[in-house]
Amino acid sequence: MTARDWLEEIGKAILLTVVVFTYLAVVTAMLGVYLERKISGWIQARLGPKHVGPQGLLQTIADTVKLLQKEHITPRQADVLIFNAAPVLVAVAGLLDWVVIPFGRLGDRVLIVRDLNIGVLYFAAMASLTVVGILAGGWSSNNKYALLGGLRSASQMLSYEIPLAMGILWVAMVAGTLSTVGIVQAQSINRWFLFQAFPFGFLAALIFLAAATAEVNRVPFDLPEAESELVAGYFAEYTGMRFALFQLGEYAEAFAMAAMATIMFLGGWLEPSLPAWLWLGLAFVAVVVVVLLIASPHMDAVDVPPPAPGSTTESVLESAPAGGPAQSPDYRIPHYDCTLMVAIARSSKPDARGPMPGG
Amino acid sequence: MQVGLTHYLVVSTLLFSIGLYGVLTRRNAVAILMGIELMLNAVNINLVAFNRYIAPGAVGGQTFALVIITLAACEAAVGLALVMAAYRSLETIHVDEINVMKW
Amino acid sequence: MPPNVVVDWLYVGVFAIVGTIMAALPLAVVWLLAPRADLPQKTLTYESGVIPFGQAWAQFNVRYYLFALIFVVFDVEVIYLYPWAVVFRRLSAFAFVEMLIFVLILLVGLAYAWRKGALEWV
Amino acid sequence: MSASDLWSIVPELWLAGLAIFLLLVDLLTARKSLVGVVAVMGLLLSIIPIGSLLTQGARTVIFGSYAVDGFAVFFKILTVIATALVVLAAIDWLPGRSQYEGEFYALLVFTALGLVLMAASTDIILLALSIEFVSLTSYVLAGYLKGDVKSNEAGVKYFLYGAAASAVMLFGFSILYGLTGSTNLYEIARRVANAPLPALYLSIALMLSGFGFKISMVPFHQWTPDVYEGAPTPVAAYLSVASKAAGFAALVRMLMVVVDPGRLNWILLIAVLSAVSMTLGNLLALPQRNIKRMLAYSSISHAGFLLIGVAAFRGDFGTPGLLIYLLGYMFTQLGAFFVAALIGQQLGTDDIPDYAGLSRRAPVSALLMAVFMLSLTGFPPTSVFIGKFYVLAGAIDNGLLWLAIVGVVNSVISLYYYAGVIRAMYVMPAASTVPLREPAALQVALGIAGLGTLLIGLYPQPIIDLARSAVLLLRI
Amino acid sequence: MPEARCPGGELGAFIILSLVTLIPAVVVVTSGNIVRSALSLIPTFLGVTGLYILLHAEFVAGIQILIYAGAITVLILFVIMLTQGGSGVRIRQINEQVPLGAMAAVWLGFLILLVVFRTPWQIDATSVPQYNVSSVGTAFLTDYMLIFEVTSLVLLVSLIGAIIIARREE
Amino acid sequence: MLSLIIFLPLLGGLIILFLPKTSERAMKQIALICSTASLVFSLLAVTQFRLGGGMQFQERYSWIPSIAVNYHLGVDGLSLPLIVLTAVLSVLSVIYSWRMDVRLKEYLFLFLLLETGMLGVFAALDFFLFYIFWEVTLVPMYFLIGIWGGPRREYAAIKFFLYTLVGSLAMLLAILILYFNAEPHTFSMLELIRQQPLADAPLLAALAFWGFFLSFAIKVPMWPFHTWLPDAHVEAPTAGSVILAGILLKMGTYGFVRVSLPMLPGTFKAYAFFIAVLALLGIVYGALVAMAQTDLKKLVAYSSVNHMGYVMLGIAAAAGAVGDPSKAAAAATALNGAVFEMIAHGIITGGLFFIVGVLYDYRAHTRGVDEFGGLGARLPVYSGITTLAMLASLGLPGLMGFVAEFLVFLGSFGVFPYLTAVAVTGVVFTAAMFLWTIQRIFLGPLNPRWATLADMDAREKLTLVPLAVLMVIFGLYPKPLLDLINAAMSGLVTALR
């Protein structure tokens, strides 16, 4: 290869990065958020977003624009550098997951950024990087709830990383390779790994899914974020775009997990009866639904009217009883302001808190 | 200019020295451990580089590197447990304050 | 082994660098665009509206450490499983027995951790 | 890899199985002393497979990564005996101090396994792994008493020193690998013959930090006093004999197999380190009041003596002397530590002045302690005398007369502080005359240690034969 | 297909990765903030990963991220956060022997460098590297099987030992 | 036979160790029986000893074959008298110690262990064994001084211990040098004498010689290595002092005669004059310092330095005559004198320490020479024996000391005439010192403090009278003893000629 070829490769890589990043930002995050809200609203007999655009389709875009304008509140005594780096790290880790995921097939070519030799190992490694970002974010906020949330999230993610790896390993074992493309191709020779060596295939898939769900802090594994107790966990202090980056990373990872499940257990793009892209898409959406929505964070939500516009912090300050929360050993907030807090947490999650110019 | 074995060895040596400096000058037990991790990384660079340039036909160096990574993890687990235990009774993780017995 | 290992990873590197830039960009934009009002309350640590007390860095349960530690050990175990998973079909049943012993030994550790209650979530 | 390979490592398999079995027993039973008893019995049973190896020829097994030779067998025997004695002592010592009694014995057996592996590894990866294996269990054992700040401190310090030393050592290993492109010791030995000297020197020097740490050789000795003082007494005893012995085993194997002294003269290096260790250890031991600390410094000095055996490797005296010394020292040092454990348990103090009048309060222990102290000084007819005799003979045989003289001078210096213990026990008036309880298992361990000390001193021929056969088999 | 070679590119990548490795490493050992030190380990480890890639050791690279960046650093962060180090307060992190330590480190580094440059390394340019995950796996299951099994014992004792030491008794 | 002599005391000691603490009487009886049995057997050996038969009663068993160590015992005219002397003094010491009540069990055990060690040193013909017995004597002596000694016992004990350990380890190195230069490697003393392994290696020979010299000279003690002696003697309990002066010091001179002289004759000859000068200094210094002492025990101790000087002078003279047939007769005489002096000093000084003990331990509790006076009338038996012993010590003709000193001077005059001439003047100092002492203690007005002192009781007499009798017998008729010694010494001198 000549230097020119190298430059070409680099150019291609940059291009692909932009494409994937945009795809993640637009499709997974925005669409995901929209769908999540809409479907959980439907499940809970609510309407969900509906004002902005047709059927509220543009709600997420509006939210993004809003988030872009939001003031970045950096808490007192927070470690600014780390405070900013943490969401970036999480987002980039989510992005890097997508390097090894084959999107489908175009003629003879597999649509994939790069088919790494150690594909699934790489995938697991990237997933483990997120933990650092979460810990860093939780710590740098200089907030004990954020720190505790970070520790809890991290602990949970660590705990489920091993089962996740076990699921991956089972597949690697059956396929005899770590490459994602190789895994898909192995399924063309055999069957879907879901049905391989019944019931181990099912078992592995189940373990993988459960672990993946936990890995991205979804219900019923949302304990660490414990909105009702820990005020949204490690990103309690995050506002605006930084918050959005965390969300982006989380969604990117969640979708990557779903894609990985499809690739490993459902034969990827290799369903003979349907066009590859269609099959891949359908299977993928099915898994996404399983991961994100059936076990949606809004399952247990009580519908609380949104608070009046204005600084939530200030309004709470006024209504809070004097004195701090009692120091209970497990750092739970005493019950008296629980309802209020749930309300704040709810409202602050999609909207973030802080002044909202123009409502 | 080709990238050769010596390049890697230089980097590893520098990393090793940096780690050693950390080990020698830090007073926080965890920070000392970090220095040690840097030193171990330097060793691993050495091993992998030697494997690549001296004995590319086998995987001895890589295997050694994997074992060292394993050992580093075990060391971290055990060592940090000891640090935590010491912290519980002495309320410090600074080695110059962990001196009930005279040094 | 394909010759393009480096090229493969070049993509990963570019992804990391460009991704970082793209992720950091909005932060910079926001820093330029977003309103700033220095209200002292705003930079106050957010504790459900209650005025923060004490230091944030209170020490938490050592149980977290136990989780992390068990994780590390088993994570290391997993790295030995990856190469095994790839080659075990090509090797004889002996490889399987070897891995069985390997895993069984670690299961003893797991049993131990479980008996000592190190696996219980708070 | 064949079935006979598997037979050759039956002792190791047995130890591994025993340790795991102990863990399981511990999980199932509430009577923790039972675990200890099982451990002792299992260790003693392991002598059978180890003994069966004695008759076999020297060879390497499992793709050349593991040696089965007299040298390895010798250290297997030593390790197993030391471990059994320490477990026996701990049965009486540990209860009430830690909640994790059963695990203690299991960890000791694991350590024994690591030591055995260390002495027999012929692959630098396996060597590094087993050294680290031993280190990890030792760190844990040193910091075992969680409520005790001294033990905490011992654990942390041991860990930090140990981890740093092993990192440096591993760097040395990596250079060795780079020079030869192999991890097998014999392969390395073949290829290192025309390796450039400076790199070889560097590699050896860096590796010495790891081995030096294990054998507490100056200048890698700083951890010794604190760890010995802080660690649970049986653990300190164990570290001072078994860990040291395995360190020497690895050092000797590495130096003798890999580096031809004709090409790289490490003899002088080792000799100088030996002299410095002896002298410094002794001088620092002089002002000590705490018995464990004193024994720690004295163990540094003994490391120096043992190094004479490494430096004087030519002829029939140096290396066998090292082995004999190690075995004799094992009994004596273990005995001394056991007495310290007993007194520490009964009186709650490790200070030598508090030993006053011990000859009246615990006559048997005091007598044995006196024997141990005299043995450590090198008085005949005790085990350490035979060892010292041998290494000094080796030094003279190798033309290292100056080193022998340094050794002799240090022996005299050491008498001063060893006699201090005897003086306290026999000469100083007792603060109280209440007889001390001398618990059974500890007494048995103590008795065996005393018996070993004297028997080796009086009739060393079997040990000498064993050591000689061990050395003859070393170079395949 | 011949190996991809672009000396300039490789050198550039090497330099970048070296800097990514070494500069944060300096931060690790000098920062007054212990958490920053710990987080600076991440780029160092990633840089080392990059070097492994340049050396064609993909599997080791993956493990490097998984274990060093994903596990060991997390463990270190946990401990820092669970102990006083988490306070982020800038307290003196260095002891009195900075000049001594610097001298020792520089001296040893210089010595090693000297040796590195003086030694005619026996470079084997003929063999083509053939390692990937499966060669490592095969090595572990055959030549290095004893090491493989001992590793599991090492992991076991670390697990048990660390639990014993870290566990808080009720 | 020899093993029996050596190990009977140890056997008794071990039995005592396992007796209950309360049965003190039984312990004493066992100690007495064992040491007496040892004495009886040694006398039996004397009766069976054939003059001129070389090494006799040899026992030789393989012990550590891989380094050619044997359990090898044997006696000749040099060691046999010393063994008998050891046995005699030990029995007497046990008798003397009958009243001991402090930590009796340990005392008797250590005492008997000490006896075994000393007997072993004199009987061992294998260097390894020799070294072990040599070291074994150190430990009990340390304890005897350290536990039952005087006020500064700890200091004295550790000083003794350290000094002698330096010596013995130096000896160990010297032994090893000899061992490695012998072909085949051997520890057998007889074999080494026969081989003369270092005859062609002067440097190594010198090293070995000085190693042995350091060891023996400290033990003797020669000036300037004597400083441990006064402390040890003064602080040791009476029986300890007796054994120390009577026998332990002889181990040093025995070593010179048994080891240095036959094994390294050339080297010894080269340094003989120097050593003779040291011996001379010891003679003069010992006498002068003794004169200045007011402490009776110290006085006797320094007189030992003086007397051992005579012994060393004799040995050095013999060494100086090596290789010179014309001086062989003188050498033999000197050696005979030296060995005879060893025996004589053992009996006389042993007796003197008992004498001091009798006064100090059970009566006056002070040793200040000036505090006494006029005791002669008050304690007639005591005074008589004391005077006899002191006269013997200063070399009054007709008593044992005279024979010894005379032979030494006679022999060494033939080799080092000038030195000997000076040494003879030392006798004058010695005489002056003892006479003055006798005068101060027994003559003059009686100090009223001592008006109630009782004379010696039966047990004390039993201790001292045999010694007094021996002094006289061998003073008047030294021939049997001299023949015994001469048989060995002339053989030695012949070999060295």
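For the reader, a short list of remarks on this structure follows.
Going by the order they are written in, the chains are A, B, C, D, E and F; count residues from 1 in each one.
To be clear about the criterion, contacts are C-beta pairs under 8 Å (C-beta built on N, C-alpha and C of every residue); 3 or more make two chains touch, one makes a residue touch a chain.
Note that this is a predicted model, so its numbers are computed, not measured.
Here the chain-to-chain distance from subunit C to subunit E, counted in touching steps, is 1. Taking subunit D out in thought, with all other chains where they are, the connected groups by touch are A, B, C, E | F. Listed by label, the chains that touch subunit D and also subunit E are B, C. Legend note: the chain whose CA centroid lies nearest the centroid of all displayed protein CA atoms is D. Comparing the centres of all chains, each the average of its CA atoms, the largest separation from subunit C belongs to F. More inter-chain C-beta contacts link the pair A-C than the other of A-C and B-C.
Ranked by separation of Cα centres from subunit D, the top chain is A. Subunit A and subunit F have Cα centroids separated by 95 Å.
Once the centre of each chain is set as its mean CA position, subunit E and subunit F turn out to be 71 Å apart. Centre-to-centre separation of subunit B and subunit D, using mean CA positions: 26 Å. Residues of subunit D found to touch two or more other chains are 20, 23, 125, 129, 132, 136, 139-140, 143, 146, 155, 171, 175, 178, 181.
Multi-chain contact residues, meaning those touching two or more other chains, occur in subunit E at positions 4, 10, 54, 56, 58-59, 61, 63, 66-67, 70-72, 74-75, 78-79, 81-84, 86, 88, 112, 121-122, 124, 129-133, 136, 140, 142, 144-145, 147, 151, 153-156, 158-163, 165-166, 168.
For subunit A, the set of residues that touch two or more other chains comprises 1, 6, 116-118, 121-122, 128, 142, 147, 151, 154, 158, 161, 178. The chain pairs satisfying the stated touch condition come to A-C, A-E, B-C, B-D, B-E, C-D, C-E, D-E, D-F. On the side of subunit D, the complex with subunit F involves touching residues 316, 359, 374, 377-381, 385, 389, 392-393, 396-397, 401, 404-405, 408, 411-412, 415-416, 419, 423, 426-427, 459-461, 464-465, 468. By the touch rule above, subunit C contacts subunit E in their complex via residues 1-7, 9-10, 13, 16, 55, 57, 59-60, 62, 64-66, 68-73, 75-80, 82-88, 90-91, 94-95, 98-99, 101-103, 105-106, 108-109, 112-113, 116, 118.
On subunit B, the positions that touch subunit E within their shared complex are 1-11, 13-28, 30-31, 33-35, 37-38, 41, 44-45, 48-49, 51-60, 62-63, 65-67, 69-74, 76-78, 80-85, 87-88, 91-93, 95-96.
Across the complex, subunit C is touched by residues 20, 23-24, 27 of subunit D. Residues of subunit B that touch subunit D in their complex: 9, 16, 19-20, 23, 29, 32-33, 35-36, 39-40, 42-43, 46-47, 49-50, 54-55, 58, 60-61, 63-64, 67-68, 71, 74-75, 78-79, 81-83, 85-86, 88-90, 95, 98-101, 103.
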